[in-house]
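Letters A, B, C and D name the chains as they come in the text, with residue numbers starting at 1 for each one.
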Amino acid sequence: MIGELLTPAGLVAVVPLLAAIALGFVRSQAIGAWINIAAAAVAFGLACALPWHLGAAPLLLVDRLATHLAILTSFVGLTSAWFSRRYIQIEADAGRMLPLGVRQYHVLFQAFLGFMLLALLSNNLGVTWVAMEAATIAAVLVVGLPRTDQAVEASWKMFVLCGVGIALALFGTIVLYLAALPAMGSGWAAMSWSELAPKAAGFKAPLLNLAFVFLLVGYGTKAALAPLHAWMPDAHAEGPTPVSAVLSGSILNVALAVLLRVRGLMAGNAEALSPGLPMMGLGLLSLLLAAFSLWPRRDVKRFFAFSSVEQSGIAAFAFGIGGPAAMFAGMLHLTLHTLTKAAIFHCVGRASQMKGGQKFLHITGLIGSHRALGLTLAAGMVAVSGLPPFGLFSSEFLIVLATIRQVPWLAIPLGLGLVVSAWALMRRLITLCLGAPTSSPGPAPEVLDLLPAWLHLALVLVLGLAMPGFVLSWFRALAGGL
Amino acid sequence: MIALLLPALAVVVTLLLALGLASVAAGPGRQGRLASRGSLLLCALGGLLAVVQLLSGAEASSLSLGIGLPGLPLHLALDGLSAAFMLLLMLTGAAAAAAALDDHGQYDSTAPFFPVFLGGMALTLLAADGFALVLGFEVMSLASFALVLTNHRDAEVRAAALLYIGMAGLGAMCLIPCMALLAVGADFTFAAMRTHPPEGWRALAVLVLVLVGAGSKAGLAPLHVWLPPAHAAAPGHVSALMSGAMTKIALYVLIRVLFDLCGPAQPMGWGAPLVLLGALGAVLGGLRANMEGDVKTVLASSTVEHIGLIAIGLGFALAARAADLPGLATLAFGGALLHALAHGMFKALLFLAAGATQHAAGTRRLDRLGGLIHGMPKTTALVLVGAAGLAALPPSAGFAGEWTLFQAVLAAPRLGGLGWQVLACVAAALMALAAALAASAAVRLIGVAYLGRPRTPRAAAATDPGQPMLAALAGLAGASLLVGLFPGAALRLLGPAVQQAVGTGVVGHVGWLTISPQADTAGYTAPALAVVLGLAGGLVYFIVRRWTVSGERRGPAWDCGFGDPPNWLPFGDPVTQYGGASFAQPLRRALATSLMQARETVDMPLPGETRPAHMKVRLRDPADQYLFALIGSWRSRVSHFADFMQFLTIRSTLAVMFCALLILMAAVAALEQL
Amino acid sequence: MGGHLAFGTFSYDAAHLLGGGVLVLSFVLLYQRRLTAVINTYALQAVVLSAAAAWQAWVQDAPHLYLTAGITLAAKGIAIPLGMHRIVRQLQVNRSLESALGIFPSMAIGVGLVTLSILVVLPVTPQAQTLTREELALALSVVLMGLLMMITRRTAMTQVLGFMSLENGLILAAVSVAGMPLVVELSVAVLVLLAFAVFGVFFFRIRDRFDSLHLDNLDRVGGMHR
Amino acid sequence: MSVVVALLAQLLHIGLMLLAAPLVVGLIRKVKARLLGRIGPPILQPWRDLARLARKQPVLAENASWVFSGAPAVAFTATLAAAALVPSFALGMTGAPLADLLVIAGLLTLARCALGLAGMDVGTAFGGIGSSREMMFAVFAEPALLLVIFTLSLLAGSTNLDAIAGALHDGALGLRVSLGLGLIAMLAIAIAENGRIPVDNPATHLELTMVHEAMVLEYSGRHLALIEAAAMLKLVVWLGLIACIFVPFAIAPAGAPATAWGLGLLGWVGKIGLLLLGLAGFETAIAKMRVFRVPEFLGIAVLFALLAVVFLFVSQGFA
């Protein structure tokens, strides 16, 4: 069983964890940063090999869902590691981060990444849960790193809420095991995703429902579904920006992936309640709540955190609808949002460093003062508000299409939320990128800093409007398998 | 050769979109010229192709591209309807591009978006599936949003742009569900939609959605509030394009959905909302055009008015088609189309001229202009041509369009049913009111801004714009004169569109020279009218030359014996002439006090006081007050609630979580008891 | 697993008794007014829990559960309470706890929660072995009561304690489920570990930034910049 | 042959209009004077005025532009064209196919706009007053006029004046309430459009009460002559309009031999005479109203016209 850890799938998770341990002993900032990048790169490379190693083992499950999200997470991890190299350097030069803090940062970054990937790839509810827990701890610690009052409060809030959430998730896991018991018999198999899925029909429906409730609340907290999302905006606003970039993508995705698997189990069981309704409800609630919360925001990063809540709500809604079309749309939306949001956070991070503050009143007229940065940020915001030519437009189009076809009346709140949020994003686009620029004491961004953002946005553009054939077939198979 | 038209147009669209990127690559300073020149060329080409398509009988052709939604190709098609609007688009586009060549480098910053804007509109016209349509529509909105923001340092511009993009988002969020409702299964090509027209609540939903989605973009009341500020904020050539072409593109979407995709089997009632909203918008826009104090805002308000008139025509066409009155349907739709074309021409002309005026006189405010006819004689002459269309004076293009629309409305009682008859006569009265308001607005605009005495040194020093701008203005003037003198020919050129929309051609009614309400009765023969006017003019000339003394003397204005203006005022005493607000006063007292809550507060100093007197006028667009302000306040209320939810103490947040858990558990328990 | 039932009603009664004890102790937790008393009660609950785990280990003859029992006893029954007592002494926060909700209402709600969990669980598993079923209901109510305690008490300390008694509920559920693989112990260990570690970190951070452990101080910071 | 006849009729008609216009005004003044117990100016006085003005060289303000000097010609031309289209003694003139009511209304609007611009051109306060008020009157007159046209087009199935007059002349439509209501509306519109008492006072010299006069205050010489002539012509156009629509008797039908024209001419003179007598009497009997009462006055006209249309709908008796 331990041997599995040496397969590509295992290494995807193990490499970052080893790197984390190694980084603990590296004193030099520069070297640490490069190791950080290298480890993320290796993880990404290995993840890219996974599609040719699909299959299930006792410990690891390499199915399309896991592979897809693993590639996505490791990619964002790589670009964010690249981005954080200069970001952290500037922070340290400015004295906002002590050498020890930098070392902790690198360790926690890799640990977080590793546990995320493990949670994605593990074939065992328990291991998934443990990895999720560990990743949360890493995230909590890294959010607390800046050591400001707000950062401490944010990480405390995140810890309490996510701790409770994860605890409830464990209870759900136990109940799920209990539900599976008669069909699977006791033992390891009763907790392995790959074993559970085909036998879902034989589970005890009532227990399955109870388990679903707890898993939904538990992992829903991680997925930042309203009303369980409260930790997310603060964590983003206060933590180091590269982490927000990873956070807004990966934790949400992993949690949603687990919910998707559970949803599959529910769908496989005839007597169980339909899981769609609660997912759609929570999704819509998140969308609307976040959309309206976007308006009074004054803090840039908190603003975009809310937009992440909103996007994750849209995805959850799509998954709640069900059916290959909606699943396809939801998966596409999840992927594209992760890429876009990471790009945005890269821009925002550099901008706030440069302007010496992350309030909207600190950052205006970016296009006037720093054309490339401003235009990139504007493009990202256009993309995330679901306007063409970027891919989120396509995915939202597909989601609305599926909604109209299956639950037409829910298109009204969906549309309302999308309009309100897009409007708020455009409002802030105008204030951030246009108007008279504010002074920018900090160092200006270089092309190398923006490279990841451009890469992400290019991907979002291509995947949305001109998806290559093999990616398309991959997505189709992925959505079909859910 | 005809088969190649669609691919050729598709190439034009692609090139337009590519031109945006190319000009970005050209870099600041040079991108403006590149974008304008390229657009000019491509628009000319596209217009040519559209004309060929229309003349060649315009049989539809279609095409599908490899890109688009994942796994779903993008479908394009070209038929009479799209060709007609393509012609309009390309004409105005060419003029705007030519005018942009005379930009003095001030549009350079956003120039790359100009061809993209044109490309988006053209893509909307060529779209043959729901996604392509919405894609083009949104690209159009986004590019124009960027263009509106050209002078983004100005806070007013930013506010206008925000409102504008918000409405654009709303439009998208209405059009996407609309297309989804029309779609057959997962197939949202127009061909499939035509085979299964919507029924029941779906049809109703489609109607509402397209009215909001496309109507808001077209400036259909009461969703027109964004239009005046946005048009005023944009640079001249952009607002010309927005008002001349973009609103028509929105109307095209409206027509495409209501006439084409929803099929002819829809009830008569579908026409009613268009007629009502159109009449509302016509009167409101016309009134605002008399009240506003900014040249471009005046023009934009009159756009709202003309869009209203066109909407009335469309509404009656829809009803007539449903009532199986092909003659009436043809007349109404033809009138709407003709007026759309005419309005596209003369409104683009006026907006370009407004841009030139702003550049020359340094302001758009009526009360700081005046006497421009002396400094900018050519511009003023061309503006007069446009204003004649605005005021629908015979034999201008505007008159031809409104005459046809009026004929349609006068024939509308044949729809039968007291409801429709009363609706028809009310619509007729309101249209007449709107037309008279437009005439008054035109006189006010020209009289205050271009005639009289200059109110500022800058206005006194204004000069005619450069050659490209003058060429653009002259071209548009010529086009609108042509449309005005040969409306029959123009309508025959647009015939395929009418044929396609209402099923019967225009040939029965429309000769090359004459438009007739019915096939046999006398109609409107513009050339003959022109001849009559010419003869009468000749007669007058003869009389004057024969029986009156020639020559004239110059002297100070008589002004009822008032004394000469004090000599410390270099331009006479401009304050004593009628300004925008004073010209508006009679109508303000008579109509706006009730319709727009006009309130005047006069601060008149006592005799002997040296301070100046002040009059403040407050006007509110009812749509703004009763719709948008309300929505805004609701939005902020909900936002406050959301904030409250976010900034609870950790304990309270936990409590929320706890409650969610308990509710879900209780729900499960309850569901299992059932 | 039939074997366990065959063992007779005594095993069931004993297990039930111990589980019930845990539940009762969470009621007592809710009832306590002074911090030290809360800590002691918590320790007692942990001890009873470890007894329950041990009993389950013997009943299901699943030796790994002894391990769970041991960990629980050592960590939660002894180590954590001692640590907490030290913190209390360091910070002199052993005031009577102001509770957001009065004692009696919180007790009443607690009863309601127990009813709800029984309502949810009992009809759920008619044919599941009664042992598991009862235990599940007990565990669920312990979990919910822990959550309730976190909500109704103001200080960070009591929140932590509530969180931990919530975990006790989890472990009660885990051990009472027959034949759950090693993962459980792993997770328990992780849970205890992280709880202690993170809380320690937090206490000291909070301590050197805020005069007391009142969460509301933290919350006040949050409101300012949105 | 008939083409020649029609053309001849058209030319005679135009001549008649040009000749009659000043006479009509002169007559009205005379009758009004007599009703007031004065002797009044001779009937040919308007002719003399025009001739005198034509002999005088105009004085233009320094900053007057070509719009100022061009407007009178445009106004007169448009009015003349309108006058040419409104049949007087015979139907079926050459211009008949053109004689669309909307076109005639458009031509009159053209004349009004030209003068309105002219009023603004010199940039004096009185010109502004005049133009703005004139345009406001039009704003309220147009809907009423259009509703009258609506009634007529419903009755005759066309907006072509010749066709309408023909249909009414045949008497097939008989006497109708709608027509009566329409007539009242039409009279009110005519009064407003021609700036007669009570809407405006053509003979006033008190600036603040002037509308039309204020608008053309700056004019002199031949320009003023053209404007005066245009005003007179306009009055005749309106009288003729009312006559041939609401009193469609004794007019020579289309294609009738030239011998029928005499009767038509007599009839026309009679109708116009009656109308101007009525107008003179009305003007002497009533006082000018405040400017801001005019919208109410015209609003009532709108209501009457609306009633006319609705009556038609209720009686369902339209083509």
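Note that in this section contacts are C-beta pairs under 8 Å (C-beta built on N, C-alpha and C of every residue); 3 or more make two chains touch, one makes a residue touch a chain.
Computed from a predicted structure; not experimentally measured.
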Innermost chain by mean C-alpha position: B
Chain located farthest away, centre of chain A as origin (C-alpha): D
Cα-centroid distance, chain A relative to chain C, in whole angstrom: 31
Computed distance of Cα centres, chain D from chain C, in Å: 98
Centre distance in Å when chain A and chain B are each reduced to the mean of their C-alpha atoms: 44
Centre distance in Å when chain A and chain D are each reduced to the mean of their C-alpha atoms: 78
Multi-partner residues of chain C (each touching 2 or more other chains): 120, 123-124, 147, 150, 159, 218-219, 222, 226
Per-residue overlap in chain A, given as positions that touch at least 2 other chains: 156-157, 160, 164, 168, 206, 209-210, 296
Chain C contact footprint on chain A (complex, rising order): 124-127, 129-130, 133-134, 137, 140-141, 144, 147, 149-150, 152-153, 156-157, 159-160, 163-164, 167-168, 170-171, 174-175, 177-178, 181, 186-188, 191, 204, 206-207, 209-210, 234, 296-299, 302, 359
Complex interface listing, chain B residues touching chain A: 66-71, 131, 134-135, 138-139, 142, 145, 149, 152-153, 155, 158, 161-162, 165-166, 169-170, 172-174, 176-177, 180-181, 183, 185-186, 188, 635-636, 638-643, 645-646, 648, 650, 653-654, 656-657, 660-661, 664-665, 668, 671-672
Complex contact set, residues of chain D against chain B: 54-67, 69, 73, 76-78, 80-81, 84-85, 95-98, 100, 102-103, 106-107, 109-110, 112-113, 116-117, 119-129, 131-133, 135-136, 138-143, 145-147, 149-150, 153-154, 157-160, 162-163, 207, 217-218, 221-222, 225-226, 291-292, 295, 302, 306, 309-310, 313-314, 318
Residues of chain B touching chain C in the complex: 643, 646-647, 649-651, 654-655, 658, 661-662, 665-666, 668-669, 672-673
Contact footprint of chain B on chain A as seen in their complex: 156-157, 160-161, 164-165, 168, 206, 209-210, 213-214, 216-217, 221, 226-228, 230, 233, 273, 278, 289-290, 292-293, 295-296, 325, 328, 332, 382, 385, 387-389, 393-394, 396-398, 400-401, 403-405, 408, 411, 415, 418-420, 422-423, 426-427, 430-431, 434-436, 463-467, 472, 475-476
